[in-house]
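Two complexes come next, and they have one chain in common, subunit A, joined by subunit B in the first and subunit C in the second.
Right, the complex of A and B next:
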């Protein structure tokens, strides 16, 4: 939590009231009673000022600087604590449809819902929530200035090795373990949602697709997780799934860190399935009992079936991981979600205690020029939907009942 | 049921002592004495019964999960300890609470659909303009400090079902007792596991002679049994941990003694429930409907 400008995470959430005020005021606008209620009843006004004051206090604590980026449901600004210009925060302003047409999107709701409750060094911290005069909800988030894992992977000027990957993967799996321990599925793990704090700590961000584990037998949508990181059970349309979906995504991130290119990058959902089959083996009843019953299962021509890949394949394909690292990766990429390792089991793996030891945070490679924060920010700002880009982000109202 | 209750915002920010709660409400009243004298409203619990019935009507038309209705009820409670009910249009607030709760409990309904259904039920009080609901949603989230996850006792009940070897009748009755507790202040006073245990004890101790269909509420099944007092003595016995009465109940008492659950709180909850069932007998929909209607109309809160 060293990146946090605060001594402790104390979300003193004192939000709003101007909205309620407006709610009431607008209620009276057309009325016979006339005038606005707030002003006609001073005693009431005093009370509202109190809550409004609390909100204003929170709002006053921060200064909004420049815009960092814009997504479908939010605009992100760089901000800082008024009393300490060197302590940066990211202020995510949730766009409320001008006409309040559709209510708040599920993305915004989910982000607020989960970040309010989850507090862990590897999960982005929500410091405060306040509403601004123009009726917007503002989330004050931990500012993570060192970009994301995707930038590191893609930057050819950066050299990194097995020890660095071990450090990053350790932080990622700890963050995901914590979510699962609290019955939350992230459902959008990919390198560009893994942000890096100024001290090098990796933090899980963007909870716009997160949800709680469903009660047994209740359906969830399979339209989640960016395609390249989406596990085969979701591609086959499974409506009941578990933390194993996030573990697959982490396996894909692991492979990508090792190869420096996405390992299975399909152009369509169908292509994704065939690429997964080619790489890891064709899903079939023998290696994955029940797979043929999944709603969108497509039988493969036996002539083209690829047998389930074993340890040798992973060793050959990912030599930098070493035999034990390859073993961990293999356990995360099991086709059958029931055979896939859990986040907890992954953390208990031998790999962590073997040489090389994970790199210490302060020694981790960093993107060049991030000392000049502006460069980094302009990238984020320029990449219009950078942190929000998500093809799979659709809500299926009918199906989610 | 996400995250850990012990570090949850519910435990940190939305559980109050009885005194604190009374104090908060008294302050709301002090601030707005005139309106209070102009628009008297029935007992809070009677209002809650009325609101709950409206929510159920709304939920039924969209086949919603019970848990979303429960969350909506908690949202209403949270909203109305920060806001004077007489300054709001309760029909709009309850529709909004329902709409938001559905999103939170992962059974989202489209805003137009919700508004349409609400208009079908209360055409005088809900405008066709969906923006109103969107605006109210924003206010609701703000007033609740965007702390939206509510932990419910239902999960504890299902978890203890096996451990305490509860029969399906007992579980059904306890489930209905949990439904009923949302009509009281208990969700703002005690953690969900205490409520769940209260519901289990009530179901086991007061199990009515004619089990069967309790409906969504346990009131009709339990009110009489609880009033005649026999069971209350058994409850009293719980507190001295000696365990008297039939072996079934002794076993439960023993489990409780070892569980370190706050038995005093459990008994307090039982009393609260009993007094709810007493008040319930005075309930009639008409005065609630009329008083709220008069209030909303004469203050033009429906626009």
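Right, the complex of A and C next:
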């Protein structure tokens, strides 16, 4: 079997459920040993060899280059297709975790499970999965060379305006909307996880905490989402929640893009609740019916209660967004998750049609310097409208009039 | 002027090829040419032959019919150059595409080359009929664009002229202002000095020093006031100037004209009507092919949730459950794996073994 039956687009799952594995085994056997008409139920031994063969095929297709970075549970390498050195991928090698001796870590399973189903310009693409020696799981992901939104927010040398923020937020909300439309919660939206492709497109990455939602009677954990971006219902320990948690996170990202500092940055979960209360108003039965029944609800001293902030507050706090943008932000930051806008409603907001128009991807501000090199490398052969376009423009005499 | 003198001196014994009278006999003799045949003759010959209407060229062997109103003075001594310049002017007048109308520098260069080729053809009389026909056809097809480009050219020329005169005028005003200032200053200094002297003459000797000091101070104050006034005027002028410049810039930005079809690669007329921003980028939201979602479905299994305020407070919404259940129930309808597999195999050229395997896998499901 020289060629794998899977196109490079669809993630071929070599670490798959036993059922698929059996099917593939029988299928391949029929193909390869078809003439001999072997027994219809393949032996375990043959099956194993076959999966190893399939896995090796996928693994052979990619070449690992240098290490790009290392996290707590994975190492990311830069890689490329063996037959096409100009097509770069990021290979995320999941570390073997001591806690999960018997199998894979939850994060890896979640990432594979949801990423293979989601295909959208604003969601990172999962090309392939294979296992290397010692049963290490490797995810072949889209290579996104231009860093993340956090880098842009923190870099004081980069200046951006309302139009750029609108473009970024549009891409972010689109990606999240697509996840929600397919009933996947991301549950870890923060600028750090919003990677930027070489064409400027913002992509939702790190689905290590993602899960499907809307199952009745099925509790979900409230210990998700980085604290600064965690919505009040999770801080109050809600076990049933909805896409509204991601919308809150997006609201926080929006505010951070506008202010260039995290908007409500608590040191502890309690501190986070008090900061949210100070900023947006104290959650109470009047503005959030049923909040007192949430498991970890802490009653506030009525003397220190802050009334729910109105439109004026957002207008004053976020003048860059303009009145309509402040409205959108306000609707994304509603304390009561039922009153919070959904990703779909956010995309229907009339802020998108207002002036200024969102910046086009190629004109978005970008981080210069070290990342630029990877940027150039990521250009595919014959891909004219990449970042290289700018370099060539200097030699364009036609433009110098 | 000097060149004309040169010409006159050199052509002391120049002779009109038609009437054979020479400059020696007629020092005021002027030669004229007609762009039909470029044969030169003296003014009196032109008057004599063509005053009564069009006639044939008097030069032997030339049968061109000439009219008097086309006769003009010669600009270049070499008649070949004169003719080429005429041809060039005419062709450039018609083929007046501008660089910004082309897709690339290359296309524009090709156009320039093509134009030069046509000019060269006409000058050296190669394929004249064909080239003329091409020109005529182009001119009639691209009337609109030719006219707009001409207008643009004129506008540019005139705006350049205007800018030049404006700059000159500004320089003149600046000089005048400086001169006036100098004059004023001088006069004021003199006036205050006289005033001081008068007062000194009138007052006692004790406050002489005080008066002198005061006079000096007044002078300083006046000059500083004048300076701020000048600054104000200068700023006003600068603002006015930049405004005018901006106006001129906007004028130049008139869009290029429509396309024609004879020459080279032409930029297809796409003014790019900036598409309105689509927040969904082409994705159809809430696309449901096989069902419509109800706002509520009766189910005893879910009744407990309907009344659970705690779940509601956390943001849990049964509608999402309905939506998801319905989506999953109908997901995959209208997807035909067999078709997709064959389409994929056609594209990817997978080996038959794999095809069979994939088909088996699909069928075994």
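Heads up, the rule we're going with is that the second predicted complex is superposed on the first by the 310 of 401 C-alpha atoms of A that agree within 3 Å, B and C clash if a C-alpha of one lies under 4 Å from a C-alpha of the other, contacts with A are read in each partner's own complex, and residues count from 1 in each chain.
In the analysis below, a contact is a pair of C-beta atoms (placed from the backbone, for glycine too) under 8 Å apart; a residue touches a chain by one contact, two chains touch by 3 or more.
Note that the structure is a prediction, hence the values are computed from the model and not measured.
Judged by the touch definition given at the top, the superposed model places A:170 against subunit C, while subunit B stays out of reach.
When the shared chain is aligned, subunit B and subunit C each come close enough to touch A:183.
When the two structures are aligned on the shared chain, A:259 is found in touch with neither subunit B nor subunit C. Once the two complexes are laid over each other on the shared chain, residue contacts for A:244 go to subunit C alone; subunit B is not touched. In the superposed pair of complexes, A:118 makes contact with subunit B only, with no contact to subunit C. Residue contacts after overlaying the shared chain place A:288 against subunit C, while subunit B stays out of touching range.
In the superposed pair of complexes, A:270 makes contact with neither subunit B nor subunit C. Judged by the touch definition given at the top, the superposed model places A:214 against both subunit B and subunit C. Residues 23-24, 26-28, 30-32, 183, 212-214, 397, 401 of subunit A touch subunit B in one complex and subunit C in the other.
Residues 13-17, 19-20, 22-24, 26-33, 37, 41, 43-44, 46-47, 51, 55, 96-97, 99-104, 106, 109, 112-114, 116-119, 129, 131, 135, 137, 182-184, 211-214, 220, 395, 397, 400-401 of subunit A touch subunit B in their complex.
Those residues of subunit B that touch subunit A in the shared complex are 1-4, 7-9, 13, 27-28, 31-35, 63, 82-84, 87-89, 99-100, 103-104, 106-111, 130-139, 141-143, 145-149, 299-303. Against subunit A, the residues of subunit C that register as touching in their complex are 99, 104-105, 108, 274, 276-277, 279-281, 283, 285-286, 301-302, 305, 309-318, 320-321, 323-324, 327, 344, 347-348, 350-358, 360-361, 364-365. Listing the residues of subunit A that touch subunit C in their complex gives 1-5, 7, 23-24, 26-28, 30-32, 34, 120-121, 170, 173-174, 177-178, 181, 183, 212-217, 233, 238-245, 288-291, 293-294, 336-338, 340, 344, 347-349, 352-353, 357-358, 396-398, 401.
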